[in-house]
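These notes open a run of structures that come right after.
In the two complexes below, subunit A is the common chain; its partner is subunit B in one and subunit C in the other.
On to the complex of A and B.
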């Protein structure tokens, strides 16, 4: 079944339209806007659900000359991600409606949340590189607004900016990587194209083309860096725990199903295209490193949301590592865990929100025995946390087991150092069990600190996590059901060869099963020592050696701030000549460098224009020099007029009588204007400092050289054909515009709006002149009449 | 590819830039005018400059008939617009200078920074 362009486009566009309307909706609905948002998410979800089972690419051209088009590719992988984002979106909106009760800035909150969801859907479904990049950056922008929701809070602003800098910086890497891919497509597909679906279909040719040009490793590094920044991989993980300053529903949405999965999603998407030994080394190592570091930091965390944030980084590492391995199990682990992680992490964040809401603290050291007051929440947490720990038969176990199988298979084949892969994966899983139990512990046992009355959470808060936990339970009981419904399609889309996913509880002992057993038993055995472990990790993090990437970030940002604070006054010192100097020098140097790098030596024609034209131009330049050396303003104006009239004669010689006529009128008017104004101005100031004159002369010659070079290199030769635009206007002047004077027809007919704009400019200038001349006089009169009374004339009074 | 045209445009731009860097505000306005004139020549050069002739003038003889070879009408339309806009700019700059003189009692731009 082929996908339907209208349905897919509508599903992606509806959240954006709703985002634009959100302020209006908020005026009408107030805090119930959250339910409207849920309806929008449900609409997108429903539309996309109709496309399940379809497979293919739909396209609507946008910039045909560059082969850029609105192109969506529907397959299991994109749909899995999009359905998760919109499905969890429904629950997050419902939860928000209640959780954000009484908060300010809700119109902005819902607008950003809707736009964010739309961008995620766009990333998931678009297969045109330009659109992927645009949606990718839109997720960064809207998440910036969401993370910085509490604009009064300095920490919130700091975290939002950090997330923005890291993810947008990654986005720039993505842009570079995508351009490299587009250029490589020239060799592989014939012509520059941004069509990712075509690249994936011809992956061998693409790889060969990239290798041939030596761009394979750069492209790989750029794409992986972009994904690592977005998906919080070490050492770019530090923005994720900071992002938890956002309102809890945002954290649940960002951390479970959307923002951070974008990088993982894209790695899965390009996996078939980029699979190579370099990919395995880079991506698998990155993933396992993040899995371990994230788990360690989560063990040391004392804040519920901080623990979950580090745990998210760790689980993202698991998915990235899965996609890193060149075995069938790897891709299966990555895709299946994308689903499982969303199903257990989203409810855990929502539970953290409920606990913070009802118990008034997020400090794990003070929380314990909450099951008495929050039994349903405790049950939800039980399912989700055990799934997070990877304990059978909960759903997290299946995908983690797939990763173990992948690491074991790779190690078994490669031997040697590759045995580190299963070793590291097991150690990371031990810590995963520890922090999962630590999170669960706030519900069991005895009260650790006196907490005043705990309320029962309302249904709108418990419902969404309960729905997600139920889904997790369903996947736990019948994993094959979920696989058949959608995961199998995702596995096929991200696999390098054929893959058929079958999951279930292990029926006999194998090394991966042993790894799981070690992880669980080890984790439970380590749990009693959590506090000492956390203290040790804390010492490691606080060590004086610069191991904290966030330290590098702070250093880079503060250096940039101080440098620009110093650089600013240097170029913006209030002197006109400084501004002219920097703009003209920078423009000329850049243009000349561009010419030097790209253009060859042109065919030179010493004169190339009729003798009369040459004579007129020589007089014009001489007049220009006379303006410079003029001994008074009046002499300058008169020589300037000579220059203007010479240009008018040049127009006549260049077969442009209309221009000559206009130029003569305008030059006469300008001459009169100058003379009128000059009689009221003092005589002129000469520059006498030779050093300044020499510096200005050098810059002038530089600008002149730039103009000289660009005329030589860009003007057409005498025998060149007229441009297609010129031909069109000439041919259409009579039939299309009904006039025989082509220039006039262009101005008043073909480009009439431009001419209207031009008239507007002249009118505005005239009004401005009138105001400038008359306001001063009026202001003075008013002051002389009423002495004391200050007259407001735009702050111009001395 | 005419060197003569390129030298003229380059020379006018150099003169204009030099004037823009003066501390006498009136000369800065002169510089603005010169740079505009240089731009006109540049734009015309983009359309190619041939020996002036009646047939090249972009006014068609009759309504109907074939399309003759004429001077590029697009650059001429652009320059026509540019002439008018630069007139507006120069006039506004002049009056601004006058007004600035009234406020600051000097037309030396280096003295405006206090």
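On to the complex of A and C.
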């Protein structure tokens, strides 16, 4: 069944339309806007649900010549992600309506949340690389707005900025990576294209093309960096715990279920395209490292949301590691865990929100025995936390078991150092069990700190996590049901070969089952020593800066701030001559660098220059030298005129009478203007400082060299045949334009549009000078009124 | 200086107009003609002053004391600039009326005209007139405003 373009486009567009209308909706509905948002999410969910089982690419062209157009690819992987996002979106909107009760800035909040959901759907379904990039950055942008929801709070602003810098920085890597892919497509698919579906269909050719141009490893590194920044992989994981300053529904939606999974999603998407030994080494190692570090930091966390944030990073590491392995189990682990993690982590965040709402604290050390007051919440947490720990028969167990099988198979085949993979995975899982039990412990046992009355949470708060926990329970009991419904399609889309996922409880002992047993038993045995463990981890984290990536981030940001504060006045000091210096120097250096990188040195035919031209040019050069050394202004102006007239003569000799005429007229006008201002110029400025002189000389030579090189390299030689355009103009001037002066006919007829543009430039110049003079007069008036305002001196004006 | 200006300015003006008119077939055109006209007017300005055009040539009273931006002559220059732009756009849009794309130019040969016998009228000349006006207007605006400093 082919997907329906209208349905898919509507599903993606509806949240954006709703986001634009959110302020209006808020004015009408007030705090019930959350339910309207839930309706929007449900609409997208329903539309996408009709597409389950379809497979294929639909596009609607916009600029066909440039291959620009809207293109969506529907397959199991994209649909799984999109359905998760919209489904959890429904619950989060319902939860928000109650949780955000009495908060300010709700119109902005809902607009950002809706825009975010639309962006996620866009990332999941688009298969045009440009669109993927745009939606990818839109998720970062809306996440920035949502993390910084409490705009008055400095910590909130700091965290929002940090998340923005890290994820958008990753997005820039993605842009570079996508451009590399598009360039490689030229060799593989016969033309630069941004069609990811076509690239995936021809993955062999794409890999060969990338390898051939030596761009495979750069492309891989760029894409993985982008995904790592988005999905909080070590060492870019530090923004995720900070992002927990956002309201809890945002944490549940963005920072557990959807946005942080965009990186994982994209890795799964390009996995068939980039699978190679380098991929395994980079991605699997990155994933397992994050899995371990995240689990360790989660054990040391004392705040409920912080614990869940590090745990999220750890589980994202699990998915990344799964996609990293070049075995069938790896892809299965990644896709299935994407679903399972969303089903248990989102309710856990919502539970953390309920606890914070009702008990008034998020400190795990003060929480205990809450099951008496919050029995339903405790039951939800029981299912979700045990699933997070990977205890059979809960759903988290199945996908973790798949990862164990993947690591074991890889290690078994490769041997040697590869045995580290299953080892590290098991150790990380031990800590996963520890922090899961630690989270669960706030509901069992005795009260640890006196807490005033705890209310029963309202249905709107308990309902969403209960729905998710029920879904998790269903997947736990009948995992094959979920697999057949949607996960199988996702596995096929991310697999490198054929894959058929079968899950169920293990019936006999195998090494991966042993790994699970070790993890669970080890975790339960380690739990009593949590405090000592946490203290040890805390000592490691508090070590000097090199261990803490957030320290590197702070250092980089503050260095950038101070450097730009120092750099600004250097370039932007209010003197026009400084601006001219930087613009001319930067432009010349860039142009020269471009020529040096791309063009060879053309041959110079010095001997063949006619005598008359040589004489004229020599006089011009002498006049140029004389201008510089002229003792008075009058002499300087006159020698400058000689230079100008020599160039006019050169134009005549080079048979360009129009140019010569223009040059003569302009030269005359300039001479007249000099006459006008000559008597006003001071006869003596100041002693020339050698340093300034040297700087000006270097700049002059630079600009001269740039002009020389440009003319030399861009104009055809005198012996070259006239181009087809030139021949056309020459032939058509009389019959087409009615004039025998080709230059003029080109100016006013063939290329009249260019002339129009030039006239506008002349007009803008006139206006700019008018403004400049006006502002100067105003500035002087301000100064004469006694204000100490620096005014540029007269030498700056043209 | 003033004597020289009295003699040369008319010649320069006539020359600039002839350059402008012959531009379609011989060296010349709107830009060159415009710059040359500007040169002639600047010559007047250097030899006399900004008000001379109004008081000496047109014989009108000049109100003094206004700032350079409201000066009548400068306003006239700015209007010239605006008029030039309008002419250019107008000549471009005119093509729409007969169904041609923007800025399409055409020409006709007129025969039997007294003295010249045969005259070619090109619509490009209107466009060139706009160029001429823009160049004159903008250059003179710049010159008069800056030199008033």
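Some points to look at:
FYI, the second predicted complex is superposed on the first by the 581 of 798 C-alpha atoms of A that agree within 3 Å, B and C clash if a C-alpha of one lies under 4 Å from a C-alpha of the other, contacts with A are read in each partner's own complex, and residues count from 1 in each chain.
Just so we're on the same page, a residue touches a chain if its C-beta (ideal position, glycine included) is under 8 Å from a C-beta of that chain, and two chains touch if they have at least 3 such contacts.
This structure is a prediction, so every number in the text was calculated from the model and none was measured.
Of the two partner chains, both subunit B and subunit C are touched by A:657.
Of the two partner chains placed by superposition, only subunit B is touched by A:681; subunit C is not.
Contact comparison for subunit A: of subunit B and subunit C, B touches the greater number of residues. In the superposition on chain A, contact is made by A:731 with subunit B only, not with subunit C.
Looking at the shared chain after the overlay, A:749 reaches subunit C, while subunit B stays out of its contact range.
By the touch criterion defined above, A:620 reaches subunit B but does not reach subunit C. Of the two partner chains, subunit B and subunit C are each touched by A:669. By the document's definition of touching, of the two partners only subunit C reaches A:774; subunit B does not. In the superposed model, A:584 lies in contact with subunit B only, and not with subunit C.
On subunit A, the patch touched by subunit B and the patch touched by subunit C overlap at residues 657-658, 662, 666, 669, 673, 677, 740-741, 743, 747, 755, 762, 765-766, 769, 773, 776, 798.
Residue ranges of subunit A in contact with subunit B, taken from their complex: 573-577, 580-581, 584, 602-610, 612-614, 617-618, 620-621, 624-625, 627-628, 633, 636-637, 640, 643-644, 647, 650-659, 662-663, 666, 669-670, 673-674, 677-678, 680-682, 684-687, 696-697, 699-701, 703-709, 711-712, 714-718, 720, 722-723, 725-727, 729-731, 733-734, 740-743, 746-747, 751, 754-755, 758, 761-762, 765-766, 768-769, 772-773, 776, 796, 798.
The residues of subunit B lying in touch with subunit A in their complex are 1-24, 26-28, 30, 33-34, 37-38, 40-42, 44-53, 56-64, 67-74, 76-77, 79-81, 83-92, 94-99, 101-103, 106-110, 112-113.
By the touch rule above, subunit A contacts subunit C in their complex via residues 657-658, 660-662, 665-666, 668-669, 672-673, 675-677, 737-741, 743-745, 747-749, 752-753, 755-756, 759-760, 762-763, 765-766, 769-770, 773-774, 776, 794, 797-798. Of all the residues in subunit C, the ones that touch subunit A in their complex are 19, 23-32, 35-36, 38-39, 42-43, 45-46, 68-69, 81, 84-85, 88-89, 92, 102-103, 105-107, 120, 122, 124, 127-128, 130-131, 134-135, 137-139, 141-143, 145-147, 149.
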